[in-house]
Structure formats: structure tokens, C-alpha cells
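Input: a single structure, listed below in C-alpha cells.
Per-chain numbering from 1; labels A, B, C, D, E, F, G and H assigned in written order.
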Amino acid sequence: MFSEEALRDLLEKIAQGRISPEEALKRLRDLPYESLGFARIDHHRELRKGFPEVIYGEGKEADQIVVIAKKVISRRMPLLITRVNEEKAQTILSELPHLRYHRLAQVLSYGTRDPNKGQIAIVSAGTADIPVAEEARVCAQAMGNRTTCHYDVGVAGIHRLLGELPTISQARVVIVVAGMEGALASVVAGLVKAPVIAVPTSVGYGASFGGLAALLTMLNCCAPGVAVVNIDNGFGAACIASLINQA
Amino acid sequence: MFSEEALRDLLEKIAQGRISPEEALKRLRDLPYESLGFARIDHHRELRKGFPEVIYGEGKEADQIVVIAKKVISRRMPLLITRVNEEKAQTILSELPHLRYHRLAQVLSYGTRDPNKGQIAIVSAGTADIPVAEEARVCAQAMGNRTTCHYDVGVAGIHRLLGELPTISQARVVIVVAGMEGALASVVAGLVKAPVIAVPTSVGYGASFGGLAALLTMLNCCAPGVAVVNIDNGFGAACIASLINQA
Amino acid sequence: MFSEEALRDLLEKIAQGRISPEEALKRLRDLPYESLGFARIDHHRELRKGFPEVIYGEGKEADQIVVIAKKVISRRMPLLITRVNEEKAQTILSELPHLRYHRLAQVLSYGTRDPNKGQIAIVSAGTADIPVAEEARVCAQAMGNRTTCHYDVGVAGIHRLLGELPTISQARVVIVVAGMEGALASVVAGLVKAPVIAVPTSVGYGASFGGLAALLTMLNCCAPGVAVVNIDNGFGAACIASLINQA
Amino acid sequence: MFSEEALRDLLEKIAQGRISPEEALKRLRDLPYESLGFARIDHHRELRKGFPEVIYGEGKEADQIVVIAKKVISRRMPLLITRVNEEKAQTILSELPHLRYHRLAQVLSYGTRDPNKGQIAIVSAGTADIPVAEEARVCAQAMGNRTTCHYDVGVAGIHRLLGELPTISQARVVIVVAGMEGALASVVAGLVKAPVIAVPTSVGYGASFGGLAALLTMLNCCAPGVAVVNIDNGFGAACIASLINQA
Amino acid sequence: MFSEEALRDLLEKIAQGRISPEEALKRLRDLPYESLGFARIDHHRELRKGFPEVIYGEGKEADQIVVIAKKVISRRMPLLITRVNEEKAQTILSELPHLRYHRLAQVLSYGTRDPNKGQIAIVSAGTADIPVAEEARVCAQAMGNRTTCHYDVGVAGIHRLLGELPTISQARVVIVVAGMEGALASVVAGLVKAPVIAVPTSVGYGASFGGLAALLTMLNCCAPGVAVVNIDNGFGAACIASLINQA
Amino acid sequence: MFSEEALRDLLEKIAQGRISPEEALKRLRDLPYESLGFARIDHHRELRKGFPEVIYGEGKEADQIVVIAKKVISRRMPLLITRVNEEKAQTILSELPHLRYHRLAQVLSYGTRDPNKGQIAIVSAGTADIPVAEEARVCAQAMGNRTTCHYDVGVAGIHRLLGELPTISQARVVIVVAGMEGALASVVAGLVKAPVIAVPTSVGYGASFGGLAALLTMLNCCAPGVAVVNIDNGFGAACIASLINQA
Amino acid sequence: MFSEEALRDLLEKIAQGRISPEEALKRLRDLPYESLGFARIDHHRELRKGFPEVIYGEGKEADQIVVIAKKVISRRMPLLITRVNEEKAQTILSELPHLRYHRLAQVLSYGTRDPNKGQIAIVSAGTADIPVAEEARVCAQAMGNRTTCHYDVGVAGIHRLLGELPTISQARVVIVVAGMEGALASVVAGLVKAPVIAVPTSVGYGASFGGLAALLTMLNCCAPGVAVVNIDNGFGAACIASLINQA
Amino acid sequence: MFSEEALRDLLEKIAQGRISPEEALKRLRDLPYESLGFARIDHHRELRKGFPEVIYGEGKEADQIVVIAKKVISRRMPLLITRVNEEKAQTILSELPHLRYHRLAQVLSYGTRDPNKGQIAIVSAGTADIPVAEEARVCAQAMGNRTTCHYDVGVAGIHRLLGELPTISQARVVIVVAGMEGALASVVAGLVKAPVIAVPTSVGYGASFGGLAALLTMLNCCAPGVAVVNIDNGFGAACIASLINQA
């Protein structure tokens, strides 16, 4: 709505008398989203960012999610529902059996976009980081990206990572998922040319402080070409990786 | 050195008896960098990441910098020296007059790569954030990117940002530089399609805690398509933005 | 008791021999509250601040709450009980059926003051912030304020907020409730004239650190006219907003 | 610019053919601020919030400030320049002798608005908190408010505060400025009816952590009717207090 | 064992040939405590500090506690067991019916010392702080102190505190227990002459950060004569208050 | 003023018509302190707490201190001025030559009270902690206490502490001053019977975080009978130790 | 794989035509670990570090652990599975009855290496620290070390520690396990000659902040010869202690 | 003094009447250190830990250092003075010309012990980390260890590290010195067999928070065999490395 073209078009229509100021004002206010009382669906984002509609499932009840999901599906738009545990997912699936549940990733998906030419490599440090890595993978695929996965290749045994390098090097973007000390992002960024999106995870104990240690490590990465998203935010990593891959 | 092709090539040369194992081992160890005793120049990075050689100037003395810089220039490679205050810059320039000093950005540069087709928009919230934004701009240009600058467009007067949107929207990547509450990254990411690299700055007082407030804001950004680099790290933002723009 | 008028009045009564010093001392000590052993009800606050009596329900058992509530109601004073979950509320309602339970807000109320002329706008960023927003709304209404609600208008899709601006602009005070990065307060304060009371919420994950990120964002807000209350403190926001609205 | 009335007016002018869409777009983008390259003056804020134009002096050089100040003064608008130390102030005054320097407050002012009917009480805990309290006072007066000052009345000798209560109680808003443990805000809010804006200061040592202790104290204040601004932010307190006083 | 007298006595016995060096060494090592394998009871502390033996109940299983408690009781020493929830207490009482359980304080006690002449006042801010205050009271009494209790007298309604002052002023030590903003310690210390031991509690929400806010408030207390113990540490406050009272 | 006796006396005088209510109110407000505009001297504290008047010198200018000091001295009250560096001290001494400057402690003193019977032992861990220990010693002596000093007896060589134990054991209160890991308080409290006031210092580097490490150590002390004051707060330790010694 | 010898050997085999480059590349990539899809077993670490294979049990399901464990056992390698609660252990033991479960340590072990000549002393402060101490003991023994245990010898009663000193002094490495204030490491390091590995535990409450207090204490230890591992990381302490003992 | 042998010997002398109890007590107290009033030299530590006497130079004045140093040298003991800047060093050298100043390490040394058979490798990540690495090297050599240095081999160009591996692998202990993200410790520990002592440095900016990021990284290191010392504590790393090397 706020791109110059759209605004110019709206203003011109008014100037030509094709719509009234009242109508223009109404469009400006009402069009871009749909209010459900407790939520406002941003149908415009699909156009603006090229993403499916996304529902953040945590803290929403199953029936709230079903109401929003039906609205989205009725417009034939692809849909992602993140942070849905298995019990809640079963309740939703009983109403919306066409959704697909990805258990490790805790994501429900509906529809996907055709895969883009480029490819996103998803690299994770330990077995315990896999759920976050899978959230990234499922979301990236739903946004129309091809992905390759390289799990359990942490820096404590660096030969495991080197064995995966040939494939990782072919990606246009690399997502690195790591908890504990989070050093994997630095090492990967030192070895590949592609931009690296680093995802700290809350995996660890003691002085990992819920992912803070890995977060600080990644922010202080001395290898160039790394940027960081929030702790455990596989979805966020997929978003920016997808924008980069499809730029 | 660690790309599969390079390794394969080296191994084949050995297999064909064209170089001895001793020689191979030596190459593997010695080639990619040049030791100056107190520093090891990573000549290989230029090839690996497509960046100029970069010297982090803070904490290094002027004569140390001159020694490293001469080595790099003698190989006709482009060069960036960051975090150089005016006094230190004058000392270096008296020895290396071909360098160019960017006072606001506190950067010395030598040579550049030809500008790439895409374009990076650099958006900053307040006047005090300009030094970090300028570090990003100078570095991005030296890495071969075209840039546009949009300074002092913070969210307290959002109409100032909207006026710049048409130009910002044409960029392939947007770098958002903001201190204090750092909310600009969220708003920009909600309005443009391109990936956003957010740079928190240490501008602010009291509970900004040296940039921590802006950093947390940007990491928790609820608009999709944002990743974050370290506080005041304009150079780091330029690196990943350049990789994205040239991908 | 400590307003100059009250003290002067008490002292004059003593000087005129109308009450004895012993009695005066007793009044000074005993009058303004009523001791229940485990709690002292501050009946005087109703007069002093213009609020209903408020019981903070968290950590109190249902029967403790019932004892205090009966004392208050017996004096025909309005009453608010905050942070009461549904199970505890049912126990209390079985004893005090005249109370009204607001499930989303987790508040029990009894009686209200007549609505004041001015109006408080309550704006929240996401669906998950609604419980805190509702606590603010219910409390503000019980204190005699008219309210309007504008939920799920976060900055990631700023057009949703702009559509609500005409109504929000008519309020004498605006309460902004936001978790995650909490940027909404800055944007609202940049667009409206009324004072903004910002409520950070603990909604978010990872580096939101239980609401710390939103709190810091709001404290560092560069738009003028914003002050902040504690994380998730919808009640506290209602208090100060009510005082402002009724000033 | 974003009030509904203004937008409606603009749209109607277009609909009536009184201005062209091109012109409308230009106005929307260009009118509300004036670009000086390194800064964009938000002339519209004066109208929008009822404040003078404000320049945050810290980190800006004297000549930058002079350029911006001249622009503002040429439009006959009142002006505040905050965080200006004595040396920088002298440089500016040599160019702009009509400005007035408030040494304790570190503020330069030009012009004021006529005093409003209500009154703001500024209460501070210790002698060392006076500079922040003075910043609040000078700014509040420049915004057209009457003020009363009550300094060095911290809770360690509560009788000092009680002596000031009669005057404090007459204010429509109270600003409480306190460092160290910051308990003064709680005590004042328990005694007066008006809303309290609390300003933590960085005064203290050891575990005051630059004002963090006072900030947390004030955020956790159990007396109703308190909201908090950033550490040492006397200006911010004046802004919201002024909006409340003039609502 | 390490008082000079005891050491001198041991050394003299050796010098006089009344015990052998082997025996002396053994006494030095073995006497002062009794090893149960998983715990070493410090029987000597009763003599050294004048306290009953204390078992910290949290994290210990009921049967471990019973084993230790029987050892202590068999020597006819008084005993305190802290942090024992009701379920665990019932299990222990079924084995040791002579113990007495204080439910609010979560303490089991056995035996007490005769009350000392002085008196400890225990003052708490809110109803939710009572469990910590009760832990202090029960422990102080078991250590042979008389106590007076003054609960729910927080600073938000300071007249409640003033009513209790006459009694509080007669104590030789005052223990102040407060969560949220913890300002009560400052106010009490400003009004009484006795030393104040401040106990921050974890009562509060949001930016109280589990008692950190109250802890910092108390450490930064500007009223003289206050020292602080750990968050929720009613037992620790009783220990030092008892030493002061009995000094 | 707020002791029951004083209030009762005042009220009786009014009841007997010996002073008018107007006068009573005036006394209640005006008597207990003396206003200098920028400071209010609390003459009443001397009576209330038994301390000399204390001026916190940090952040006050020499001439401000001289004005306050003259007022205090003119009433023949003892005086302490803390945190005064050598240069500022010389300026003050040139006006007030009767003051005495304690260089290590950074304290100016005037007059003392006669020494009390009990004795305070001041124990410090390292040479660098001595300034804080000296601030405690000078202040404690000015408050009328005898002191013994035991410096550089940190736990890394515990035999140094044991050698001092006989003297330390004779004190009625022990002040332990320690930076770095602050473990000395735990060890001392395990060996002596007297209450221990622990003062963390900012001595240390790296993860001592300006005294935070020592502060946390002391708060978590598992030996009973320890309470803590603010980092580097030798004066605060002297205050509470003096109250304990003189109780 | 990356020791110089191994690489040289591989390269020589290629030079001699004994293996092809393709084969060499394959070996380099595939040999050192075994991929199970969700985990990559690093068989090479046994050789590289002299440790058994270790599975971190937390967050892995029992059947995942069984799959990995069977692979390891089939190669007749010793195995440690850490952080296994009793319920999960029973499930695993029903499939792999040859494993041995250490309940206090929460460790499953299979096979051990013959004990080395040196000896590791494990010293813990309180009863609640025993689980971490036991994790260290079980792991150290499985790695082929003799151990002695000295539990509940915290600094609050330092004579308990002195009684154990003769045995502790004979160790080649000392592991000190302590929560709360963690002062034990400083005291032990001041008394013994061997290097001390300090393990902070999360035992404590309030301002222990989950082990942070003990961690900072140990990092700031002023006694020489101490290094620290992560909070509660008994396994990590055993690893480095074993490497030291067997060096 | 506290080794069992020494204590037994002392006790036996008393039992045999060869020294009196008075004398024994005196020895126990007085022998092990020498008091200079402001410092107590622990001559016994040399014997106990095998270290030279060490003076921590920061915060001590040059003449204080000279006094202590002369005492130590007069006993012909080796000596280390750490954290001495160049100016202070020159003052000390003018009095004690036999000392040797190591400028990069900021250390003064006198005498050394003969080199031990084993070898310590010191590995540092960046040029800016060299001062800390040099402090470790100089101290380790003074304690009688051979050292090898491997500087500027950070993980951003991992081939630089691999080239140094053959030499590093021959060490009995490896000290890894790294700031910024501190990932080097993890990578080195994954490649070598020796125990790794990790030293985080305060090198970095923004979210490195003075070395906190590197510290947390190293504590959370997932490669086994790493323990950590305080930020910038090269001396501390040398101490424990020396004890390990000489065990």
C-alpha cells in the first residue's frame, strides 16, 4: 500500500474523479488486512514480501488457529503455522486435514511455491539443534527454495564439516544452526563464499544462559559475511535466506 | 584451499607425480597466508570471499599498519583499513599517500572493484548514527557495490522515512543503522521486499547500555526478513550486504 | 492522612480540646487502614488516589482473597482483583457471586465508577499481547474511564496501525502494549499528540529475555511523550492513564 | 501529516482538481521536514506534539548545531538544545547571542510558550540529582508549563519530603528524579494524587550500575500511578509531563 | 577448633605428653564434625557461633534429613530444618514426631534456646513477603531471640508503617523483608536507630527479575545503617540479627 | 521527629494550648533540617542515628562543600566528608584548616565522639582493597568506635589470616573488605563468632565486572552471620558496624 | 585425520599410485565418522583424545541413544552416556543390559580403561553438589583414572577441609565442585600444589543466579593454578583432569 | 604449613619438648609470610606451588613495588611483576636495574627456573590478542617452561591454524588466547590431544561486552578437554599450564 506506485495510482484515481476521497480513505484503511477481532490477517504481506501467510502458533489456542487458517486457505494462499506441538497439531488436523504436519520442526504447512533455482544449505552443530534446523528447512521449502541439510557437524570434530563442504559450497545462502558455544558459524563463514545466516539455539546448559552464549559468539564472529537472527528462530532464518536466494 | 576442486587438483598432481608429497604438504600449509611475525595476511580470502584485504585498525600502531598495507598494495590488491582516527590516518598517509581517507567513516581505502549491477540502500535513524552508516557505505563501495544513503529518518517522524521509500525499495539489500531503541529496522522491513541487515549502534544513553537496547530490539524484530550484525559494525554489514548483492 | 488539610484539622481538634492527644495519636496510627493480620486494607487510598481497592491475586489463596473482598464490599467500595486464574476465580465466585470475571484479563471486578468524559485508547502489537491489554482495559473501565481497543496492529504491517489512527487520535491518553521488539510505542508516539504509556510484555522468545528487550526499547524511545511501566503490568498502565485522563 | 483531517483535506484537494497528484505526492513526501543533508528538521512536530523544536546536542559539533538552530529560528519557532556543555555553549552563543544558556541543566533555549494554567512539581532525592532535575525544569518551562522545585528531599530523612507535600500536592503532574536506590518515587506516589513521572539518574556507585538500580526500583514501584523514562532523561520527563499538564 | 584458646590447649597437652602427636593430629582432623558419608555434621558450629544445627532441606530427600536429624537430636542439640515443603515435612514428622512444623515458614524446629533480653522486629512490605518473614521469625526464635512482627506495611501507604513505629523502635535489630521495589528498607532505616538487615524477596513480576530489583535497591540504600542478605534468605537474616542481638 | 515520644510531646503541647496548630505544623515541617537551596542539612539525623553529619563529596564542588561544612561546624557537630580527592581536599582545607584529611581513605573529618567500649575489626584481602578498608576505619573511628586493622590476608594464603585470628576474634563486629572473588567473608564468618559486614570492592579485572563477582560471592555466602553493603562502600559498612557495636 | 603424520601418509600413498585421488578424497571425507542420519559418531575421537565415545543424553530419546550405543559397542569401544535420568536409563538397560547405571551421577557406562598411575581428588562443598561431583568421578574412572572423593567440606567449617588435606595433596589434579559462593576453589588452590579444575554448580538460590555467582567467584580466584569449566559440567572437568593426569 | 608432614613435624617437636607451645603457636602464625604493613609477602608460596613470587602491579605505586621487590630479591628468589606499564617500569628499573622489562607483556621479571622437559604451546587468534599471549609466555618461561608461539591463527582462515598444528601437537599443554567470539579454543581442542587452557580477551567491540562473549564461548566449548581462566588473565593461564607441564 505504501509503495510509491500504489499511492500514486490511488491519488490519480481520486484526481480523475474515479473514486471519491471518502472511498480512498476507506481503501487506505481497510484494504490491506482483514480483521477477525482478535487478529488482523495481513493479506498484503504475501504480495509485499513474497512469503506465505504465517501464523505464530505459540500462545494461540487450536480453535483460534483454525479460524485464521480457514480464512487464509479460502483465498487459496499458501500457509505456515509455526511452533505447534503435536497435541495441538492433531486438533487442528482434525478440522483441516489438508494441512501437513512436520513433527521435528513443529510446523504445519499448506501449499508451497515452486522451487526457485538457487539452493539454501542448512548446517547444524549437534543432534539437539535439529528441531530448529528443521523449522528453517520446512519454512524455506514452503517459501519456494531448494534445501540441503548437513546435521551434527560441530567444530569439536572439524573433519565432519569438511566432508560436507563440497555440497555446502554450492548454496547461494548458508543457514548455520548452533547452540552451546556457537562457533560453527565462524568456521563455516571462513570456508564458504555465500552469505551466512547464523541461528543461535538454546541448546546447552549452565553458562549457555538459554542461548545467550551462542548469540554473542555469532554476533562477534570475526569471519566476514555473517548476520544473526534471534535464538531458536529457524523461521526467521528461513525468511531472510529466502529473500536472499530469490533476490 | 579447501574447496573440493582445489583439493582434488592438488591430490591429482601428487598422484601423477607432478609434485611430491613433501611439496604438497608445504603448499597446503604455507600458501594461503603470509606471515609477518605479528600478523598473518590471508591473501587467499580475496579469492575465497571476493573482498579486498581488510586491516582492523583499532589497537594497531600506525607503523604496523603501514607494513601490512605495503605488502598488500605490492600485490596490487584493493585494501580497506577500518577504525582509523584522523591522527593515525595522517601518519599513515604520509607514508602511503595513495590511500584515501574517509573522515566520517574512519576508513582508509585503496583501489576498488568495479560497481556491480545491484544497489545497497543505507538507512540511518539519527544524525549520531552517521559514522557507522558511513563505514558501511565506504566499505560497500570498495567491495564493488553501488549505494544510496538515507540518513536521519528515524521512526519518531515516520513521514521522513516514507518520503525515501521509493528509492529504498529499488535496492537489492537494505542496511538499517539505528541506535537508541532501534525500531527503524522493524518498520523498514515491514515496508520493503529486500532483505534487511540491521546494525545497532551504541548511540543513546541510560538504559541503551551501549547499544544493547537496539541490539535486542533488532534481534526480536517481528517483521520477517531481518538479520543483525554486531553493535557499530558498519563494516560487517557491508560484507554480508555485498555478498547478497553479488550472489 | 498526610495531606496538609487533614493534619491541620487533626491538630486543631487537639488544640481546641475536642480530642485528647492520646486519641489523636491513635487516630494517626489506626484509622487509615484495617488490619486482617495477614493484610492491611488501605481504605484511605480510595480517597487519596481515586482508585477502587485493588487486591493483587497472585500468590494469595482463594479464601484469603474472599476475606479481604468481603471487608471491602461491606463498605460498598468498588473492588478489583487482578491476576486471578480461572480456577481460583470460580472458587471466589462461588462465595461472592456478585463479582464479575474477565477471563482474558484474569481480573475479577465489583462495582465501577461512572465513566469520565475523556477516553483512553489501548493499542496492542500482537494477538499474544491481548491478555495484558485486556487487564489494562478492564482496570481502566473500573476506574471510570471510557476505552477504545486497537489490537494486533504491530509495526511489521504499519498500514494496520494507520487505519486505526483516526480513533486513537481522539484519546486523551494512549496505552501501547507490545512484546517482542516493542517498537510500536515509538511509532504511535510519533503519530499522536496524547501522552503514551508503554507496557512491555513478556511475549517473545530467545533474546526477548522475558520482556527485557521490549522494556529497553520503550525506555530508549526517541519519540517524545512516552513513559513506561513494568513488564506485563496492564494494571499499572491503567492506573496512571486514569489519573491523567481524570486530571 | 497523518492525522485523518490532514489526509482527508489533501485527498479532497486532489479530487477537486485543486492540486495534481504529482503535487500531492510531493507534498506528502517533502513538506513535513527540511533536509540539511546530515539532518532532517521535523517542522511538523511543533504542530503535531505542541513542542518546540529540540536538538539533541550530544555528539553534534557546535557548527552543526548553529546551522540547524538558525533554520529553526528563521521560522520564529521556539527552540531547545539539550546536553550542551559550557564550552560548546559559549561557541554557539558567540554566533547566536539571543539564546539563553542554563548551566546546571546544560540546555540552551530560545523563546518559550506562554505558561499554561496547571503546574508541574519537580522533586529530587539528592544534590547530585539536581542537573537532571534542572533539565526537566528548563524544558518543561520552555514547553509552556509552570513549575515548582523540591530538591534534596530523599527518603533517608522523610520529614524533609513531608514539609514539601502541601506544594507538591497542588501539581497536576509530579516529576520525581532520584538515583541510588530510587525509592523516592514510591513514597511520593503513595502520598499524592497526581500522576508521577519517575526519572532514574546515574548518580550512585557500585551496584547502582549506572542507574540500573534506580530504574528497576521505579519500574517495580508498588504504589499506583507511576511511569518511568530513561536514565538521566530529564528532557523526556518534561515532554510527557507537559502533554499531561496541557491535555 | 581454630580459636586460639583451643589450639593452645591442644598444643599444651602435646607438650606435656598427655596426648601423642598421632592423637593430636587425629583430633584436629576428626573431632569437629561427624561424617555420614554424604554429609558432615558440624557439631562444633553450635559452640562456635551459638546457633542450633541447621539442615538446608531443599534438594535433600526426606530420609537423608531423618538420618542427619536423628544424629543431632541424639546429642540433645537444638535443630532447624529449613525449606521443607508440607509433603516432605509430613514424611519426616512420621519418623520424628517431636519436631514442630511451621507451615508458612516451611521450617521444622526442635528445641530452642531461652529468649535473650533484646528483641528483633521483623517488618515486611506485602502479604506475599510473609513466608520469608516467617522463616526469619521462626529461626530467630529458635536461636533464642524475642521477636515482634509487622507485616504488610509497604511504602505505598506509608501511614501503615508509621503506626507500627513505636514498637519497631524498641528493637535492637530490625529485619526488613520486601520484594518488588524493596524501598521499605530505606524508609525504615531513615526512621529508626537500630541496625537494619534487609532481605530482598523474589516477590514481583516483570522487571523485578526474581528479586534482583529489590536486591539492588537495598544495596544502594542511601539511609545509613543497612546491610543486605541474599534474596529470600530469611534464615540468613535471622542468623546475623541474632548475633547482633546477643552481642 | 517521628519517634512516638516526640510526636506525643508535640501533640500534648498543642492540647495544652502551649503552641498553636499553625506553629505545630510549622515545627513539623521546618525544624528537622536546614535548607541551603541546593541541599537540606538533616541536623536531626545526629540525634536519630548517633552519627556525625556526613557529606558525600563526590560530584559536589569544593565551595559547595565548604558552605555546608561551615553550617555544620558552627553548630559544633562532628562532621565527615567522604570521597574527596587530594586536590579538592586542599581547596577545602585552605578555607577550613581545622579539618583533618585522611589521604588513603579520601575522607575529611572534624571532631569525633569518644571511643565506645567495643571494638571493630577491619579485615581486607589485598593491598588494592586498602582504600576502601581505610574509609571504613576512619568513619568508624569518627563515629566513636575503636578499630583494629588486618590487611592483605586473602584466602590464597590462608595461614596469613589464621595468624590474625586471635585479635579478630575479640571484636564485636568484623568488617571484611575484599575484591576479586571475595571469598574472604565466607572464611572469616566460618571462624569467628561476631557478625560480619562484608564489603565487596571493585578491585579485579575481566569477569570481576567492577565488583559484581565479589558482591555475588558475599551474598551467597554459606557461612551464617554475614550481611553485605554496596560495592566499595566502606562508609556504609562503618555505619552499620557502629550501630551494632554501640547497640 | 588432520595430524600431520596421517595426512603425509595419505599423500604418499597417492604419490605412489597406491590409491587414486578419488579414493583419497573419499577417505578424507568419509572415514573419520559414521553417519546415522540424525547423528555422526566420531570414532576417531577415541584415538585423538584418548576418551571413550560419549553420548550427551539430555534431549535425546531412549531409542536414539540405543541405536548409537549399539554401534559403539559393536566396535568394542568403551562408552559413556551422560545426563540420563532414572526412567530413561531403565528403558535403555532393558535393551542393553550390559551397561551400568550410576544413579547419583545420572551416567550409564560400558567398559573402562585400565587405571592410570596418577590420581584425581574430587572435592565438593555441600551435599547438594554431590550429583555433579559424582558425574565427574564416574567419568574420570571410565577414562582410566583412580579417584578419591571428599564431599561436604565447604569453607563455612574449614576444619572439615583441613582434615582431608593429606589425601587431597597426593593427587596429580584436584577437581573442586561448589555452588552458592564457590569459595572452596580459592581455598583449596591456596593449600595444594596440584592444578585445580573448578566446577561451579547451580546449587543455591536468590542471587546465585543458577550458578553464575559461583562461576564468577572461580574465574576471579586470586589463588594461582585454577581453571574453570561450565556450570554443573562434571563431565567436562573429568575430561581435562584425565588429560592432565595422563599427560 | 598445612601439609600433613609439616604439621606432624611441628606437633612432634612440641611433644618431644623441643619447642614450647608458645613457640609453636608463634611459628604457626608468623613464619609463612613477612609483613610490610601494607602487604604480606607469602614466601611460603614459592615452596608450596613452585612459583616465583608474583607482584600484581596494577594499582600499586612504583615505590611500593620497589619495596616489595627488594625484599624478595634479597632472599634470592625469582620474581615476576605483572601489569606494569612502560612509564612505571622505567621508574622501577632506575632503582632495580637487574630486572628485565617485557614491553608487550607488560611484565618485569627477575631470575628464572631452569626449563622443564615439557613444552607449552601458546596460540592466539588475532594480532590484538598478542599482549595477553605474551603475558602468558613470559610468565610461563619464568616458571621454568619451554614455550612455542603461534599468533594470528584465528578461525576465520582456518588454514593458518592447520599449518601450525604439527608444532602445537607436540606440546603437553596448549594455551589458547582469543577475543571477539573466542571460537579458537573449540577448534584447537578438537584437533589436539593435550589439555587446553582457554584465555578470553577483552579484544572486540559492541556485543563482545569486554570479553564476556569470548568467555561464554569458551565455557560452553563442546570439544572435551578445555578449561577457562579470567578475561585477559595470561598470568593465570601460565600458572595452571606450568603446574600441568611440571606435574
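Basically, a contact is a pair of C-beta atoms (placed from the backbone, for glycine too) under 8 Å apart; a residue touches a chain by one contact, two chains touch by 3 or more.
Which chain is which protein? Per UniProt: A, B, C, D, E, F, G, H = Nickel pincer cofactor biosynthesis protein LarB.
Predicted model only: the values in this text are computed from it and were never measured.
Chemist: Between F-H and A-H, name the chain pair that shares the greater number of C-beta pairs in contact.
Modeler: A-H
Chemist: If over half the contact pairs have to be identical by residue number, which pair among F-H, B-C or G-H is the repeat of D-F?
Modeler: Most of the contact pairs in D-F are shared with F-H.
Chemist: Centre to centre, using CA atoms, which chain is the farthest one from chain A?
Modeler: Looking at centroid distances, F is the chain farthest away.
Chemist: If you average the CA atoms of chain A and of chain C, how many Å lie between those two points?
Modeler: 37
Chemist: When the C-alpha atoms of chain B and chain G are each averaged to a single point, how far apart are the two points in Å?
Modeler: Computed value for the inter-centroid distance: 40 Å.
Chemist: Please work out the Cα centroid separation of chain C and chain D, and write it as a whole number of Å.
Modeler: About 25 Å separates the centre of chain C from that of chain D.
Chemist: Could you say which residues in chain B touch two or more other chains, in rising order?
Modeler: 2, 4, 28, 126, 156-158, 162, 191, 206-208, 212, 215, 219-220, 224, 230-231 - these are the residues of chain B that touch more than one other chain.
Chemist: Note which residues of chain A are touching chain C in the complex, please.
Modeler: 1-2, 28-30, 32-33, 35, 38-40, 42, 44-45, 56, 58-60, 64, 200, 202, 210-212, 215, 230-233
Chemist: Give the list of chain B residues in touch with chain C in this complex.
Modeler: 125-126, 154-158, 180-183, 186-187, 189-191, 204, 206-209, 212-214, 216-224
Chemist: If you look only at chain A, which of its residues touch chain G in the complex?
Modeler: Per the stated touch rule, the residues are 126-128, 130, 151-153, 156-160, 162-163, 203, 205-208.
Chemist: Taking the complex as given, what residues does chain E use to touch chain F?
Modeler: Residue positions touching the partner: 2-4, 48-51, 54, 118, 162, 165-166, 169, 172-173, 191, 193-197, 215, 219-220, 224-231, 235-237, 239-240, 243-244, 247.
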